[in-house]
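There are two complexes below, and they share subunit A, which is joined by subunit B in the first and by subunit C in the second.
What follows is the complex of A and B.
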């Protein structure tokens, strides 16, 4: 790995990409062997891993647009990380295709007999949702989501890189203009995508806050990811004077804030259902609490909220970079646990169930994600070198 | 509230050209060993805390203690009212259903934190203070739009009127004047 600090470019991107790619391919092949052993478990594990890595990409898209919309200066040096994370959308589109082959294993509503009045498997409750929950519309929606995400991330990265070749302040305004409607589209697509791909795993259940819950997790994921990418480079003496402790401090503050926001969403969802205590809603929590899933639920309450809350409370915690990196890694593990807790109990309602595929698919998809991310990240300057706000960003301080 | 009527000693006031020269002057005062001086500017000046050698505010600890007190207090209050003093079964749930009380516990935690932040801030800033000797200076009124001032208080251990005046002039201060607390 060689870095030219005058042009902010990697002249030689190192072995990371190759290691990630080979790990990803090996683990995906191993996971595919699991498909022949237990195809339902394979798809459950696969969609968990897919959603985990996709949430980093979507968080990256959100953070990029937020940066443009607010005209933030501090985050300019971090923008290429979030742009490159969002740039993995084409890869995620390809990785989405296997899910289409697992619709019957994953989604009860995808079986035609559920909607057939003549069939003994007719489900009256699902019948009411037939207009939305059917395979053709599901595929159309997925195409729309990916089209929106791809067009937004492609345009923003393309414009941002175009700015590198010369001082053109107009491009900053253009990116901002695209980000405004982009933000609205993002809110709609991530909400409905989380309804489609996670909530409809148990199609009887519904929660209007579910999309915001997934969004809060996606934001945490990209924050942790950016901290880890920054730290990875710092350990190799790359960008040490550019991404300074002040930037980590701000990333830490946002992570801390969104830990609370995530807990707020999680509790809001739980609270209303607990209070009303209506069987059509509360069963979703019951099968996550009245059996061995309870321990996973407790791990998430403490691991995803209490530990990061206390662990990131102080100023020193946010400014001690190696410590912050450990917390970021921990939060990413908890992000995976949270998605695991959303997906797995829907098909293992009797109690906790763990399979080796849950881990291999995560490493497999993750390997490809890291490889693609690193390939994009090292293909241009790793900070927007001609951005009008770059100087202010490098010399930014918190006091 | 003793600070409202507290009389500050005599001060020596000097004007500076810009925020930049204000920062460097504040730094030189600190390096010369002065401790009881203050800088006045129309807007918060970047780097002034470092220049004056101000420590980080202890306000965060006040907020933390207050918030924690509010949280514990509200847990105790909800427990006592619903599970001890007036036990009442609501929708078949246990007497102490903590879930129902999370919003109010959260709200009181925030309220106590906010009160701690507000009154703690006033206390650490020695506010409210209705009078300050610098108000006796005609020129000082410019501090709200374009003036940058430094005032050195008479209770500074190094205070020596002649020396302070010449020192302030040597570091770029203009219109140096001695302002007494009871001039008017």
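What follows is the complex of A and C.
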């Protein structure tokens, strides 16, 4: 790995990409073997892993647009990380295709007989949702989501990179103008994608806050990811004077804030359902609590909220970079655990069930994600070199 | 006020110019203090007299209410909660913008907030006072109001801790205390300025008393800034928690249309939305009457409009989610509640709500419109109206419950209306007194964002 600090480019991107790609392919092949052993479990594990890595990409898209919209200066040096994370959307589209082959395993509503009045497996409740929960519309929606995400991330990255080759401050305004409606589209697409790919795994259950809950997780995922990418480079003496402790401090503050925001979403949803105690919705929590899933639920309460909350509370915690990186890694593990807890119990309502595929698919999808991310990230300057706000971002301090 | 982008950034520090006309510190002090020190204008007297009259009407109404009981209101059997709760939620919501501006925007380093934060905080406090009035009077027997507090007594009687109404007591009480403290701490340096400038002895003593011996020394500033940061940190969760708890008044119930998980964040977004609209209305009047156009700049107003647009979109998102999930739930009662809202007897209220809260803010997508004073003034009034109707729409969901034979149409009586109008009187009375006796712009903070306050000022190209 060689880095040219005058052009902010990697002249030689190192072995990371190759390692990630081979690990990804090997683990995906191993996971496919699992498909022949237990196809339902394979798809459950796969969609968990897919949603985990996709949430980093979507978080990246959100962070990039937020940066443009607020006109923030401090985050300019981090923008290429979030842009490149969002740039993995084409890869995620390809990785989405296997899910289409697992619809019957994953989604009860995808079986035509549940809508068939003549069939004994007719589901009266699902019948009322047929207009939304059906395979053709599901596929059309997925195409729309990916089209929106691709067009936005593609435009923003393309424009941002174009700015590198000249002092064109107008492009900053253009990216801002696209980000504003982009945000609206993003909010709608991530919400309905989370309804489609996560909430409808248990198609009887519904919650109005679910989209915001998934969004809060995606934001945490990109925050942790940016901290880790920064730290990875820092260990190799890359960008040490550019992404300074001040930036980590701000990333830490936002991560801390969104840990609370995530908990606020999770608690709002849980608390209102617990309090009202209506069978049509409380059962979703009951099968996550009345059996061995309880321990996973407890891990999430403590691991996803209590530990990061206490662990990121102090100023020193946010400014000690190796420590912050450990916390970021921990939060990513918890992000995976949260998605695991959303997906797995829907099909293992009796109790906790662990499969080796849960891990291999995550490494498999993750390997490809990291490879693609790194390939994009190292293909241009790793900071927007001609951005009018770059100088202010590098010298920014928390005072 | 035609200022080009170039003039808006100071070349020596690359910082944005937030106050126009490059004033000295003294000019800022002068511009703000003269409002308090001079004689009030005829405008002030006119507005104050109207407000006081309305407040008198409010108190006369309260006397009648306490004498007769809540039967004078338009409550009927399915709608046991009428305008009292609507007004309560409306006023608490208004307050949230003040806290957001003073706490969250401070933590997010939004320096443009300095010109509006003082009176936004004052607005918070007065709005919370108006809000607290309604739950207090709706209990009917106000003389036993202290029962809401868990006071040990020989009857061994305690409030129901499982009731969201009790949580309201604590949530709003905490909110009021913290907001008052935050506001007061921020006022201290400015009170000292007024003390030092005061000519009358009584003013010197009173401002001096509340300035707590402030001398503006280095050590005092350090303590001041630290406590300000801590109070901002404490107030930030309050922005979210207070209205979340208010939302549980509805959402913990089993009622279709009330029981939905998005209520806490949806209420918070709505609160900030309505609060910003109110700050906008007030600041547009204040800057015009007191000639503060250089301090509360069009750019600041534009930013507030962007926040109104964003929070308006969030509220629109929440309306759509409610509607979609009501359908998606497959629950006939849920579906009915929403169809009934949009097309039932209260459809007029629902569509006023949607038009004011979702459609009107869309004007602010256009720079021309969000920098136009008349447009933003009218839009802010519409948002205020729309947000009142939002709570009304939620409450009158009660009018059609599970049993069609008990359905009824709720309409307010003249006393309901007089109480609402009277609460505006109380709010404006307090607000006008504040404008008259306290600095409405945080002088010390505005000075802090002037270019010459920057330690690197003059280091650039020789000043």
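Throughout what follows, the second predicted complex is superposed on the first by the 399 of 399 C-alpha atoms of A that agree within 3 Å, B and C clash if a C-alpha of one lies under 4 Å from a C-alpha of the other, contacts with A are read in each partner's own complex, and residues count from 1 in each chain.
By definition in this document, a residue touches a chain if its C-beta (ideal position, glycine included) is under 8 Å from a C-beta of that chain, and two chains touch if they have at least 3 such contacts.
Everything numeric in this text was worked out from a predicted model, so none of it was measured.
Chemist: Does the subunit A-based superposition show subunit B and subunit C clashing or fitting?
Modeler: Overlaying the two structures gives a clash between subunit B and subunit C.
Chemist: With the two complexes superposed on chain A, say which partner A:275 touches: subunit B (first), subunit C (second), both, or neither.
Modeler: In the superposed model, A:275 contacts both subunit B and subunit C.
Chemist: Would you check which partner chain A:191 touches, where first means subunit B only, second means subunit C only, and both and neither mean what they say?
Modeler: second
Chemist: Which partner reaches more residues of subunit A, subunit B or subunit C?
Modeler: Counted on subunit A, the partner with more touching residues turns out to be C.
Chemist: One more residue to check, A:143. First (subunit B), second (subunit C), both or neither?
Modeler: neither
Chemist: Return first, second, both or neither, reflecting whether A:208 touches subunit B, subunit C, both chains, or no partner chain.
Modeler: second
Chemist: Just to be sure I read the superposition right, which of the two partners does A:94 touch: subunit B = first, subunit C = second, or both, or neither?
Modeler: neither
Chemist: Now for A:122: first (subunit B), second (subunit C), both, or neither, which partner does it touch?
Modeler: neither
Chemist: Do any residues of subunit A touch both subunit B and subunit C, and if so, which are they?
Modeler: After superposing on chain A, subunit A residues 271, 275 contact both subunit B and subunit C.
Chemist: Using the touch definition up top, name the residues of subunit C that touch subunit A in the complex.
Modeler: Residues 14, 237, 240, 244, 248, 251-254, 259-265, 313, 317-318, 321-322, 325, 328-331, 365.
Chemist: Using the touch definition up top, name the residues of subunit B that touch subunit A in the complex.
Modeler: Listed in rising order, the residues of subunit B that touch subunit A are 46-47, 49-50, 56, 60, 91-93, 99-100, 102-103.
Chemist: Going by the contact rule at the top, pick out the subunit A residues touching subunit C in the complex.
Modeler: Within the complex, subunit A contacts subunit C at residues 125-126, 128-129, 132, 180, 184, 187-188, 191, 195, 204, 206-212, 260, 264-265, 268-269, 271-273, 275-276, 278, 280, 392.
Chemist: Per the contact definition, I'd like the list of subunit A residues that touch subunit B in the complex.
Modeler: 267, 270-271, 274-275, 277, 315, 397, 399
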